[in-house]
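Take a look at the structures below.
What follows is chain A paired twice: with chain B in the first complex and chain C in the second.
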Partner chain A sequence: MALAAGEVSRLRTTVASLRLAVLQFMADPQWLVPSMIAPVIFGLVSFELFRGAGPYFLTYAILGAGMMSMWGQTLYGSGWATGQDRVFGTLEPTIQSPSPYLYVVLGRILWNIVIGLVGGGIVYGVVVVAAGGPPALPNPALFVVLFLFVMVTLASVGVLFAAAYVYTRYAGFIQNIGEFAFYVGTGCMFPVILLPFWTNPIALLFPPTWALDALRYVSIPGYTGFGWGWQVDLVGAVVSTAVYAGIAGGIFHRVERHVLEVGNLSEY
Partner chain B sequence: MALANPTTVPHPQFWRTMWANALLAPRTTLGFMRIDFVLGTVFVIPLTQMVFFAFVVTLGGGGASDVAYVALGNAVATVTYSSVFSVCQTTDSEKQQGTMEHLLVSPAGRFALYFGRGFIPILISLATVTVGLTYAALFFGVTIPVATLPELAVSVVLTAFAMVGFGLLLGGVALYLRTSIILGNIFLFIGLLLSGVNFPLSSLPPVLQWIGDGYPLTWGLAAIRASISGEAFGSLALLWAAVAFSGVVSLGLAMGCWEYFERRALSTGSIARF
Partner chain C sequence: MSDDAAIEVRDLVRVFESRKGFLFREVVRTEALKGVNLRVRAGSIFGLLGPNGAGKTTLVKILSTLLLPTSGTAQVLGHDVTRETDWLRPRIGLVLGGERGLYSRINARENLRYFADLYGIPVSERERRITEVLERVDLSSAADRRVEEYSRGMKQKLHIARGILHRPAILFLDEPTIGLDPKSARETRKLVRSLIQDGVTILLTTHYMFEAEELCPELAVLSRGRVVAHDTIPGLRSRVGGDRTIEAEAYGFEDREVDALRALPGVSKVASEEYGPRTRLTLRMRTGVTGVEHVKAALREHPELTIRERRTSVEDVYLDLVEEEAS
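This part shows the complex of A and B:
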């Protein structure tokens, strides 16, 4: 059905944004490399530090490194895209267009999820080759499902950050400086319960913290994470992801209105 | 004053070129290093990186000495953010800002030009390592005897110089690349694996050890560890010589790269593309 004048198809916007993201990636696929170097190295360093600690510590290294890679693609990809829009001068026309910016970002994030999974797979391959074999997984099917879900939780953080990045000129600063803080805070390479207790409530504000804890419960026998077990972790992850998505939608709506009123969008 | 020979090109003084670049770089090619970025690099990144690896070691069953080893290594390794990653990106900045062509036809001495550009990163590197070492002593059980501070200071300064030299080398190579981001990212983190930051170099396969030996951070970190442990002056002097040598070689190779790629740029006219 043809759209009436002034109507905007959200699906069409998302698909167009996704298509553009794919084309941009195909034109310059080298950008997959920078966000994978750190995870690969961190995975190998952790593997070396865990050497001799037990058979399931390889899973820690792979999960942590994989998550870092996915985090890099999801957050950097989404946040950086907004920053690049600002630098190239395309943010203003995009925001001024009738299509809600949320769906433009959503298309990018969908592609970043795909690339994040590719990156996670490559990191997995490198660490497994270095370790001489894959980790033992008690429940591979559940592991895969939860691994995909971790990606969704990361995307929910990515979309929230992307919304905030429209507002700020400091996206690069937040990403660079906050990178390790996020790795520590969400316990991507070690259980959050190892951190001081006062940090745990803060860590639980992030959906990936819940999802990673659940993932470790099903993949590492004898794992000691949050005492409530992986089922509650999963519920927490779903709820917090939904909250993030809701907040992101609200922020996008507000940010779009605000930057159009103030007119300082292109400053950087 | 009129030139005696119209074909003679006046070459600006070395110091003037160097200082002009040192002062202007933070506003131009190093413009991305705003004050918030610098403060984050100096105060936040060392702490979070050290905490991250300290907990990884703890999870792997490491004791207090292992945590101290890793904390010290990462305190020094954070020098790469300002010395390698930032300096390496100056080439990208020149290309993106459209100043590369003007730079290539400038008569200014290249060594003064590039060394001046690395001056502020050297200062930031010194600050980063100093803050990192302070964190290591305060929070991670690293003991730094007061008596070793002079040797430690020499090691830190040499490491900062050598690492900035290496950053300039990558900047030289990046002249030929579309972007230096990949190169910068590789050498931002490769030291964590190949320079004895988190575990002794001897636990790596020989080939990786040789690669690690080619990286100034390896020698700088070895000198800093030796300084803190109070090693004899003779062995320390050897390590200092190795750090200085790696820095001089990096700088020499950087100049070679620039000269070679500049010549190519002038003959093809395509170097400013990105």
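This part shows the complex of A and C:
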């Protein structure tokens, strides 16, 4: 029955990991707080924050709070799940199995994307109810497509956090420091262009910055952003996400080798 | 690698580096394995004995592809553990045991289902195989309970179920009965014995001597990162000077009495230990040369003498070897 690693389906590993993530989510009611209750609070705070800030304040409120909710789930959750593997002591048997760990991470990220989208949906609902009606979106279809793509770009950064958690038990330290800086720096709460100019080149190193700028272009008429239009943003987001995916593939291989050299897989 | 060897290790060294201090970090090097040589026959249960910190778990982790050696070579099933991990991992079962290592908020069946997928067990066989291993480890009735509700013994059984789920050719069991109550430990040993009938090669680490004696026809003693002995149990007994042990206790012995005992034919070792006011002399000897009556005769000046003869246990062998290595 034993199979070579090449024979273990990557898709099956991903689906198994996704399934496990769902089961663990269902088994642990404390997740209701960040995934269901927090978006309601984010939505209300964002609504009050942007109220009266121009004709498209509703869109700003939805994007700001929605991204805050999804950012945490998709990026933070992806890395945190690997940190939990260390705590549970399941990292060793998982790495020892023939399945590449990258695909285990991928399954978790898919689930985090789903939960992030649910959070985004809750924010949308709360803001719409608070405002008494939905925002005016010039191109709803394109908005939805770009919204989903933003999740993919967030996930591409999340993979690197997961790699950091495999690399060292101290990854939580890096993530806790980086989380808010990335959140502001990539334009989740408000456009990056509002930040000091010197931060913009740094922000453009991250795929979500491009995707979020594109999303604002298509949802807020008159939005100028970086000034090069949503199409350029989209190309930038696709290219940078592809680069991140490539880096993640390479990094996971090296990280797995590194932890076998150092022997820290059982540390937590 | 020899034809019938499942494991062959040559000059294996593993050094761990850790860092101390915050600003001025000092690198501390710990040599966990110092040139280990080992050969394990296919289809056998091989015992690896050693005190805490001897390097047993380090060796198991290297052999199961979870750790890279600093130098030396290790082959499992004829394949190098550092270069041929893709080939080896599906063929290796690893049971590290303990409270950790399982997803505690989900049930046993789901834990096994997840690992069955990671090991690529065909979907058509998966459920049947999970049921089979759960029955084998006697967890069928608890299969749908959350693992967090399990006792330590049940968790250990689940660890073993996961280790054998994909029908590995070789199974590494790292201290499988540690922390278990006597009943659970006995059940676990029974389970381990039954696995050998499936043709699985088992490497078992333990520091319970009776367990090694009960399960392993051949074993190695690891002490301070070195193999200090590698033999069958009778071979190890003769190595420490005999298969019989006589223990004599009294309120102190004269040096001349100890010398007289040492001079008895077939006596290879006389060790003395203080037990409060009493002293115990332990004599290691071969069967049929010197008996209890000879020892009694040599110690006839002690009316309070208590004496007993028994078979040299693996524990005796182990303690002799570890003390020898330490000295």
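By definition in this document, the second predicted complex is superposed on the first by the 247 of 268 C-alpha atoms of A that agree within 3 Å, B and C clash if a C-alpha of one lies under 4 Å from a C-alpha of the other, contacts with A are read in each partner's own complex, and residues count from 1 in each chain.
Please note the rule applied: a contact is a pair of C-beta atoms (placed from the backbone, for glycine too) under 8 Å apart; a residue touches a chain by one contact, two chains touch by 3 or more.
Computed from a prediction, not measured in an experiment: that's the story for all the values here.
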{"item": "Chain C versus chain B on the shared chain A, clash or fit after superposition", "value": "fit"}
{"item": "Partner chain(s) touched by A:Ala27 [first = chain B, second = chain C, both, neither]", "value": "second"}
{"item": "Chain B versus chain C as contact partner of A:Leu195, first or second or both or neither", "value": "first"}
{"item": "Chain B versus chain C as contact partner of A:Leu49, first or second or both or neither", "value": "first"}
{"item": "Superposed model, angle subtended at chain A by chain C and chain B (C-alpha, nearest 10 degrees)", "value": "80"}
{"item": "Distance of closest approach, chain C and chain B, by C-alpha atoms in Å", "value": "10"}
{"item": "Those residues of chain A which chain B touches in one complex and chain C touches in the other", "value": "none"}
{"item": "Residue ranges of chain B in contact with chain A within the complex", "value": "32, 34, 36-37, 40-41, 44-45, 48-49, 51-53, 55-62, 70, 178-179, 181-182, 185-186, 188-190, 192-193, 198-199, 203"}
{"item": "Contact footprint of chain B on chain A as seen in their complex", "value": "30, 33-34, 37-38, 41-42, 44-46, 48-53, 57, 60, 170, 172-173, 176-177, 179-181, 183-184, 189-191, 194-195"}
{"item": "Chain A-facing residues of chain C, complex", "value": "14, 16-17, 58, 61, 64-68, 85-87, 89-92, 94, 96, 98, 100-106, 110, 113-115, 117-122, 125, 146, 162, 166-169"}
{"item": "List of chain A residues in touch with chain C within their complex", "value": "1-9, 12-13, 15-17, 19-20, 23-24, 27-28, 88-90, 92-99, 104, 257, 260-263, 265"}
